[in-house]
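To start, I am sharing the structure in question, which I have written as structure tokens.
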Amino acid sequence: MKLKMRFFSFPAILMLFLVPLSARAQQMTATEIVKKTDDKFRGEQSGYSQMTMTVIRPAWQRTVEFKSWSKDDDYALTLITAPAREKGQTFLKRKSEMWSWNPAISRLIKLPPSMMSQGWMGSDYTNDDILRESSVVEDYIHTIEGSEPIDNRDCWKIRLKAKADADVLWGEQLWWIDKKEYITLKAELYDEDGYLVRSEKASDLKIMDGRFIPAVVELVPAENEGYKTIVKIVEVKFNITISDDFFSQQNMKTIR
Amino acid sequence: MKDFQLAWRNIWRNKRRTLITAASIFFAVFFALVMRSFQLGTYDSLYKNVIESYSGYLQVQHQDYSEEPILDNSFEADQEMLSKIESDTNVIDVVPRLESYALAAAGSRTQGVMVLGVDPEKEERLSDMNERLVKYKLTDEAINALRSEELPARTKKLLDLFRNEAYSSTGRMMLDLGISAEDSAVILPLLRKEASFTNNYLSESFPQGLLVGSGLSEFLKINVGDTLVLMGQGYHGASAAGNFIVAGIIKLPSPDIDKRIVYMPLETARDLFAARGLATTVVLSIKNFSDKSVISTARRLNSFVEPPLAVKTWKELNSLLLNQMEADSRSGMIMIGILYLVIAFGVFGTVLMMMAERRCEFGMLVSVGMQKRKLAKVVTIEMFMMGLLGVISGIIASLPPVIYGHVRPLRFTGEFARMYEDYGMEPVMPTQLPDTYYLWQTLVVLIIISIAIIFSVRKIFRINVIDSLKA
Amino acid sequence: MIIQVAWKNVWRNKTRSLIVISSVAVGVFAGVFAMAAINSSVVQRIDAAINEELSHIQVNNKEFRSSSDISDLIADFSSADSLVRSIPGVDATTGRIIIRGIASTSTKSAGVEINGIDVGKETEMFDLEKKVIAGTGTYFDADTKFNSVLIGEKLAKDLNIIRYILTTDAVARLDSMKIPSDVLAKLEPVYGERFTSDKKFNRELEKLLSPEEYKRYAILIKEAAWSYREGSKIILTFLDMDNNQTGAGFRVCGIFRTNNDMFEGLSVFVPAGELRTLTGIKEGSWHRLIARLDNTDLSDKITLQAREALPGYEVLNWKEIFPDLAMIADFMGQIYGVFMVIILAALAFGIVNTMLMAVLERTKELGMLAAIGMNRRKIFGMIMFESIFLSIIGGFAGMGIAEAVIEATQKNGINLMKYSEGMEAFGYSAHLFPTIDTGFFVTTTILIVMTGILASIYPARKALKLNPVEAIRTE
């Protein structure tokens, strides 16, 4: 069900100026909602963040801490700061290349596709999540299914159906987007047969570096019992000045 | 009693006939036993070799490991439990292994590899690792040097074809270069001089030293003494990375595995994968590996090995191999079945001929008053005696070839021989020494004889005195 | 004259003749059929390797097989191609792009070898089109704007594209196949449930059924529950000419089933054009040149010629690529030898015995012939001819029966389905279609007939030694 803006009727235009922001937003198309959410998610041009990632399995659990710098969608540098065994490892993403530096072996290696098919650092995030360039706006057809509250916040429920020729693994996704802040609070990812493969849940919304964002994201694969990955943002800085040169192999070795 | 004496005398009355009949049975037994002996011997050596060289007859594993052979399904190799297992009467040695995957990198090349952490000494005893070490390599220098030596022309030509080939045994090298057993005495020392390859095995005192497959060393262009990086994921998601040095190069028969295998000392592997004290499997080397004792040993050990661990037999671990063996055994039985078909006709033919020849004699006996039943009885006894004669002589005659075939077996030639050599096995087709199969085969022959007797007896009861006298 | 007498003799004593004829016939049948059965699985494997996987000859850049590097293309494909085509005996050629990559779905991924093919030429040279499972697609025939990929059944299973669901249709089908209703009732808890791997499905079945029921019906239940949604999508990821990671989504245009699990799990096929766009490999450049020959037996010879014509490349034939196939063919020869020796020896002794008995039985008759003046040579000849006739008749009878049985089993094959797991993992079909080539057939028959004849020499000689006077006097 698509809501259309009625451009050409005078009363409608009047409405545009007189009605408050939230009501106006009611008239955005599903695609526009998704685009706005996506843009916000990708953040500004550049950013810095400190995060922890906890991988939970039935028999064990592990937490990794790291710092991350990124610019546009093309460059990212990640430095692992804990635990001791992994400390000092860096990962560099340059467009669709992924490099890894491990001080324990003093080796810089370009990661081949085979290495990337396992989850990153043992988590449920796959190569696809990190490196693939699929666009949630371009590769899907969006429809608004209604509204539903998540954690006491009013959300749109939007269905994203993958376009037939898109290079995406998912058949479709369901997103619950907070109407006020355009944050995806909950997502369900389905395969082409309509079976749930993964659920994502964002929580702990707070203001960080002047923006209202979720500080915690949980990833739950549907297939295996007791599997979960939790990412927490400890600190974040948006729009920092950072040159392309920062994202160099040299820097991989020296960054602290 | 009288009947027995009569039968006995009858048999020796016409020696020729008796011997011919007994002979047909003799040959039946002889061929059946020899053929089955070859079949069983071949299966034995083939499968035994495959099982022993890798999986062993019994393994201790986490119960989920065989379904999902991942590092996270490893278990703590508890010393107490292991000692207890080792103290079992049938267990010789307890060999732990830690197996996982990693990315190997050298220079700018990378390759996914399987890493096997092993106890160097124990592994050596179990799977004869030293045999696998490359001992000769036909490098360019070696070939040039060999060219200038005294070698048969045929070998010199073949040198080019096998450039850069690595060998772990002289057997295979001799096959490839067309060196016969007679020439070997002269040629082997030359090969040793020019084409020897310095190699080392694993050692706990050299923890960073690895063994790599010859295919892997070719692909990554690394040699003994070069550095190799391994990285990947360890236990419970920890990251694994380390620098290592190539201590030695091994050659495994399967090119796919040879290109992707790395051996290292167990403790080194545990360090690399953050898997302290863990093992993915513990292979048990045992004394008596007959089916029965493998199963009973497994049962004994499982009584104190607690879940989630389990002691598994090679059959449970190797369902594919088992499937193959069963298919093979079936086809072997079909072959024997066909042999029996041919043999049975031989026996029937002879017996029927004998009956036909004695028609006159029988007719006469019946006409002077002998009851058909008695006649049948005597004839039956006669045939059993002849049968027994044939069977016993057949068994005795089969012993020499069976024993000889075991001690000095038939040798293969050609490609098949090469395959055997690659696997570190001698390219021979040995026989199996007399065992229960002797009983089974004899039983079948006795059944054939019985059927022949039944037919003969029927014939006796159908005798028309006058017709037979006229014969 | 002797011949006519011999012929009459043969039919005079029907029982005896029938016995010898049967012995020979059985020997021929046994030998031929056994070889046919064994031969067939080898022949099938070799045929499959040639028609589905390798074809006859492959030409690569010298580095390519060890480096698998995308840039190790054949330097000058068109001239290599015309050179190979000009060799007599070469039927067709085509090129392939070969790249290592990863295939992924939303839940699984697997390493694969991506083959970029010239679709038109491949249909001439390979049989894969025929191996596409019905209902999974139409090879590359469909006119579609999507990228297409052809994958093997094993890969489809590994990627969880093939599922197992006991739909109402599946249950109905099982019912019509005479699966007992109480077994079907036991499966009710999992009706409609989707299982993404056959291991999981097997485990459920083991839980719900008794061991005997599982043994008998599991395979059939799995077949009925086998489900695939046509046009499933997978993502192929690989490196391009600049060593950058690239990839795209591909629609599965068909799932092929061969008897070789390894092949099914590793090889995927994509129209070359699609790969060129993604990797930047130029038009006309290929990694491999493949040639198909008219006659497989000329493989070695033509390979040598090709090697001489193309000294800058690596030229290999199917035997060199899969040396274990060449070995198995060798092995078959040796096994055949041993087997035939034993069967022939058994046959020979059987015949010797029977004929010896026959001679003994005919002592009186033979003695009579000798007494009335038939000379030794003629008696010997007569018996020999009798044996020749018996052996030939037996030989033909055996051939006839063997032929008939082979025809009968050839159509439906001998199904060793129970052992299919082990055999297919190594690339062997568990469904044997006994075949034998005429050469074997004729050789076997001749060998056996000769054995029959040779085996008669001893009894014939024995006949000569009979003393006519004594002979007549025999009981």
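Letters A, B and C mark the chains as written, and numbering starts fresh at 1 in each.
The working rule: contacts are C-beta pairs under 8 Å (C-beta built on N, C-alpha and C of every residue); 3 or more make two chains touch, one makes a residue touch a chain.
It should be emphasised that the depicted structure is a prediction, and the values quoted were computed from it without experimental measurement.
For subunit C, the chain with the farthest CA centroid is A. This structure's chain pair with the greatest number of C-beta contacts is B-C.
Separating the CA-averaged centres of subunit A and subunit B is a span of 57 Å. If you average the CA atoms of subunit A and of subunit C, the two centres end up 53 Å from each other. Remark: subunit B and subunit C have CA centroids separated by 24 Å (rounded to whole angstrom). Annotation for subunit B: residues 112 touch two or more other chains. Looking at subunit C, one finds that residues 111 touch two or more other chains.
For subunit A, residues touching at least two other chains, in rising order: 112, 114.
Residues 55, 57, 59-60, 62, 85-86, 89, 100, 102, 104-107, 109, 112, 114-115, 118, 121-123 of subunit A are the ones touching subunit B in the complex.
Those residues of subunit A that touch subunit C in the complex are listed here as 95-98, 110, 112-114, 116-117, 126-128, 131-132, 164-171, 189, 191-193, 195, 197-198, 223. Only residues 16-17, 20-21, 23-24, 27-28, 31, 34-35, 38, 67, 112, 218-219, 319-327, 330-331, 334-335, 338-339, 341-343, 345-350, 352-354, 356-357, 360-361, 412-416, 418-419 of subunit B touch subunit C when the two sit together in their complex. Interface residues of subunit C, counted against subunit B in their complex, comprise 15-16, 19-20, 22-23, 26-27, 30-31, 33-34, 37-38, 66-67, 111, 199, 323-324, 326-327, 330-331, 334, 338-339, 342-343, 345-347, 349-351, 353-354, 356-358, 360-361, 416, 418-419, 421-423, 425-426, 430, 475.
Of all the residues in subunit B, the ones that touch subunit A in their complex are 72, 103, 105, 110, 112, 229, 231-233, 236-239, 241-243, 274.
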